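Common to both upcoming complexes is subunit A, partnered first by subunit B, then by subunit C.
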Partner chain A sequence: MFGYPLVNVLGACLIITSMMVVLARAGRTAAWLYSLQSLVLVGVLASLGFVTGSGELFTWSATAFATKVVLVPAILLYALKKIGDDAQADLPPKLNPMKSVALVAVEVFVCFVAVSGIDLPTAAEVKPTLAVSLAHFFIGLTCIVTQRSIFKQIFGYCLMENGSHVSLALLAPEAPELVEIGVATDAIFAVIILAVLVVRMARYAHTLDADDLCELKG
Partner chain B sequence: MTVIIAVLQAVLLVALAPLVSGIARKIRARMHSRTGASVLQDYYDLAKLWHRCEVREGPSGLVSRAMPAVYLGTMALLAAGLPLIMQACPVPLLGDIITILYLMALPRFLFSLASIDSGAAYPSIGGIRELLVGVLVEPSLMLVLFVMALAVGSTNVGVMAEAVGALSAYPAVAVVVAGVACAMACYIEMGKLPFDLAEAEQEIQEGPLAAYSGPSLAMLKLGVSVKQLVVASLFVAIFLPFGAAASLAPADLLLGLVTYLVKLAAVLLVAAVIENSVMRVRYKLLGRYTWFVVGIASLSLVFLVIGI
Partner chain C sequence: MDYSTLLIIMLGCPLAAALLIAVLPSRSVPQGIYAAIHLVSLAGVAVAGLALVASVFFGADVFALGGWFHLDGLSALFLGLIAVIAPCTGVYSLPYVAHDVADGRLGPSQVKQYYAFFSLFVFSMILAVTSNNIIMMWVSVEATTLSTVFLVGVYRTKLALEAAWKYVIVCTAGVAFGLFGTLLVYANAADVMADAHQAVFWTAILPNASLLDPSLMMIAFVFAAIGFGTKAGLFPMHTWLPDAHSEAPSPVSALLSGVLLKCAILIVLRFYILTAANVGPDFPQMVMMILGVLSVAYAAFEVYRQGDLKRKLAYSSCENVGLIAVCLGLGGPLGIIAALVHCVAHGLTKALMFCLAGNVMMKYHTRDLGRIGGLLKAAPVTGVLFVAGCLALAGFPPFALFVSEMAMILAGVAADCWWAVVLVLAALVVVIMALVRMIAGSCLGRVPEGVSRGDVGVLALVPEAVLLALVVMLGVALPGPLASSIEDATAIVMNCESACEGASLFDDALAALADDPAKPEEVLL
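Then we have the complex of A and B:
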């Protein structure tokens, strides 16, 4: 159960939690679920550290815990509090959320087919997780495309971010801490900027519906 | 010996079914702050119906006449074949998922056919509704059972139960996700509230029930209650086989029976609580919920293919 199978099981948990983020109706729930997903991500990094014996991965998991489990959801919840009730942050998505589960399944499968063609010595044991990390890119894209609320679209970006984080850890477990700092700060600053934009837009237009925000053009 | 166990299983489920539906009704009454009828009310109803004379609609034919018996008989047969008390199937022939799926489809088919055969308008609408639920749910159930068959390498439910019970079913996450999908599909198959069986609207809800009377209605009512137990037992047998008897020793069998009853009671209690805390859904919107089940089931298939 320990070793690479554990990494793969945690990878599957990543898919399940990210699906819950996509399905969550309220923005607040989505933020908490995102925090849970990042916790699973930390688990993936730590277990990879155990398996590969790379000390860097433990520092990665520590920084990922600080930034992604605590800081990013906190920023998002704070933004949600700032937006308040005058703009509906909890708009329903365009696609029936129940159908998006089937869509996620298709995406994971396609990514697995794509990954099975890759032949890398570092990723031979963790191909399922590599497929999962690649699929996160598409799940994030699905979230951005199908959600009408621009607040929930931020979660799409965060999911893509988590996916790239996992694939980096899988393919380059020995990468120095500097790379990790780049990834982590990238996530934090992007989320801060997006949150500020969403709050400003909500104050100006009193709506978070991407379709209604066309008036902001030019 | 195993054949005796199979027969006893069928008798047990048929005998328990009215009690279980009586308890479910009692729970509903309590959650509505009513006193409710006695838990034995279903037995009284069945006994009363059994003594009444049979009235048929004019144009109804052989299908209508045979359907109640076939319905109850198929459910009893399903109950006999499932590995409930033992981990292995008492009658391996009846424990194959292909047999089980067809045995579940047969009463549904006859149910709908009888609703058209009755010649009245309301029962046929109800029959179509029943078919619609079947079309929406059965693919997910098939997919889940297919995933389990691939995971353990056999289409026999007993082998699946042994593999899950020993925690050796290989892609663990795929099996867990399949279990979640199976629980949802079984809940819909049980005909509980967001989907079916509001007691006040029998004309539309339970289709041909409106066209029956006397002993036939008694058999159908009993059959519907047994179906709930059988579907719940299918889930318990495959995904919660823990504690079932591994050998034919009497002590093991007794322990298996007790744990089976406890597991079944837990599953039914959860189902009853869910049933009473939701509204009925318009059947045009049924697809939304079943899409979710299809999604989870296909996710389990993907996990199986990936191997996690």
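Then we have the complex of A and C:
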């Protein structure tokens, strides 16, 4: 159960937790579930560190804990508090839960098929997790496209970003520390900027409904 | 002072300015202080940038910070664009922001925000073109998005915030695909290179490119083309572009269209070079041709259809980026030369046009072309520059875009790709119709009631005059150092520096065109 199988089991947990983030009705619940997902991500990074003996991955797991498990959810919960109740941050998604689950299942299947054709020694033992990380791009994209609340769309970006992080760890465990810091810092700034933009949208436009934000067309 | 230090200074100037402006309190600090810091940093960018570009034109190959930054003949062209356009749009920002403040559209905090993020934007673009670390390239492209979001949404209206939201969400999601492509290249290179730590450096990967796994490189290139193509405004990932360009303040639109799109093209080019060195040029050319043709065909009709001045210009950017992709799709020395000249020519021309659009908006207080008329009477200098700018954008001689579009047609003929030549010519005719109609509607006719006569201030005209002079100069005759630097850059793209030693790509390409269409590729590859 230890070694690469553990990495792959945690990879499967990433899919389950990301599904929960996509399906969460309330923004607050989604933030907590995202924190849980990031905890699983920290587990993936740490177990990969044990397996590969890469010291960098332990540092990555520590920074991921600080940024993704604590900081990002805190920023999003703070933004939710600033938004208040007027701006409909908890709007339901455009797709019902069953359709969302079916769509994600198709995406995961396609990613598994795509990754099975990749012949890369670095990722030979962790192909299921690599497929999961690739699937996170599409699950994140699905979240962005299907959510009506632009606040919840932020979680779509966060899921894509978690996918990037896992891919980085799987494909480039020996990458310089500064690279990981660059990617993580970038993600934090992106979430802060998205959150500020959502708060401004609520304050100045009094809506967080993506369907209301279609005046610029053509 | 060595060139590595100069490169660090160039990076440091706008970053320091952004941080300094950010820490100053917006209520108690006069706006003139922000403007002064802004100008000093841009002067630093211009001086350091042009000195670096000149050094590369004369043969230097600049590395800094242990190889994390690199300036070669290719990136020097794009750094040159930043060194020229950023100061021009920066100077133009002064009267534009002052006008918006007088109109009540910008308050003190927004002015501070504008100047801080403008500097940060310039910094992130310099980072993007000089990064040698492929993962840092992605980080810098992402940073260009994050630094411009608040510039696009600076007016805090519902439309501006909508544009900012679409911009950030489409670009961050799109560029995430670019990261995946980047990681595939890195992992692939780390497996074959003796020192895995060197696999993050583009200059270290290139000599080993032929050893990489071809199928992975093709997947990586598709991801990179989609990811960074989103940022470049290629169809169908272009959706953010017309909204962001139209809602941003005009100097920012000028910088977005004139430079940022080209920075993204440079990153695509870096992956194009690696992929071509691995699987040959056919695959990356096919991908670029598909994206380019779709962009040109779609955007040309949108340019004609739009009734909003800045949206028309934004779709024109989409069309021109498509033309650059078509040039890369055609390949060969002529195609690459055409693409690079078009990058420079379009960057300057579009910066000129967006600044002029700003003048029109200052004068008429609208972007609706139906309500803009008699520009030559209402603001004669702006009117003349506007007519010249439209003709330049339409690709008429003696302007720079004529040279690149002509080279593109020749590249199409040399590559025997007649369908692309016909399609591009048809699209260009539609664009010419759109721009001539805009000249007739906006510059001629009667001045609408309520619009006073008299031009905008001198400071709002000088940057456009400089940009127009450069566009004409490049159209009449490419200066020798620039022409040879474009040849160097073309040699880098074709990965044939040693094969082309002593030869002139211009001469070879044109001679081959006269003799045998297949000859340039045979000779150079």
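Everything that follows uses one rule, which is that the second predicted complex is superposed on the first by the 214 of 218 C-alpha atoms of A that agree within 3 Å, B and C clash if a C-alpha of one lies under 4 Å from a C-alpha of the other, contacts with A are read in each partner's own complex, and residues count from 1 in each chain.
One rule holds in what follows: a residue touches a chain if its C-beta (ideal position, glycine included) is under 8 Å from a C-beta of that chain, and two chains touch if they have at least 3 such contacts.
These numbers come from a predicted model, not from an experiment.
Trainee: Which term applies to subunit B and subunit C once both are placed on subunit A by superposition, clash or fit?
Mentor: Result for subunit B and subunit C: fit.
Trainee: With subunit A as the corner point, what is the angle to subunit B and subunit C based on their C-alpha centres after superposing, as a multiple of 10 degrees?
Mentor: 140
Trainee: May I ask you to decide whether A:126 touches subunit B, subunit C, both, or neither, giving the answer as first, second, both or neither?
Mentor: Neither partner.
Trainee: Touching A:118, do we find subunit B (first), subunit C (second), both, or neither?
Mentor: second
Trainee: Considering only the touch criterion stated at the top, classify A:9 as touching first (subunit B), second (subunit C), both, or neither.
Mentor: first
Trainee: Applying the touch criterion given at the start, work out whether A:46 contacts subunit B, subunit C, both or neither, answering first, second, both or neither.
Mentor: In the superposed model, A:46 contacts neither subunit B nor subunit C.
Trainee: So, A:102: does it touch subunit B (first), subunit C (second), both, or neither?
Mentor: first
Trainee: May I ask you to decide whether A:69 touches subunit B, subunit C, both, or neither, giving the answer as first, second, both or neither?
Mentor: After superposing on A, A:69 lies clear of both subunit B and subunit C.
Trainee: Touch check for A:160: first (subunit B), second (subunit C), both, or neither?
Mentor: In the superposition, A:160 contacts subunit C only.
Trainee: Decide which partner touches more residues of subunit A, taking subunit B and subunit C as the two options.
Mentor: Subunit A has more residues touched by C than by the other partner.
Trainee: Please give the nearest C-alpha separation between subunit B and subunit C in the three-chain superposition, to the whole Å.
Mentor: 20
Trainee: Could you list which residues of subunit A make contact with subunit B in one structure and with subunit C in the other?
Mentor: Shared contact residues on subunit A: none.
Trainee: Contact residues on subunit B for subunit A in the complex?
Mentor: Contacts found on subunit B: 172-173, 177, 288-289, 291-292, 294-296, 298-299, 301-303, 305-308.
Trainee: Can you check the complex and tell me which residues of subunit A touch subunit C?
Mentor: It is residues 117-123, 134, 137, 140-141, 144, 150, 153, 156-157, 160-161, 163-164, 167-168, 171-172, 174-176, 179, 182-183, 186, 189-190, 193-194, 196-197, 200-201, 204-205, 213, 215-216, 218 of subunit A that touch subunit C.
Trainee: Within their complex, state which residues of subunit C touch subunit A.
Mentor: Touching subunit A: residues 133, 135-136, 139, 142-143, 146, 149-150, 153, 156-159, 161-166, 168-169, 172-173, 176-177, 179-180, 183-184, 186-188, 190-191, 196-197, 200, 213, 215-216, 219, 242-243, 246-247, 302, 305-306, 311 of subunit C.
Trainee: Can you list the subunit A residues touching subunit B in their complex?
Mentor: By the definition above, subunit A touches subunit B via 8-9, 11-13, 15-16, 19, 96, 98-106, 108-109, 112, 128-129, 131.
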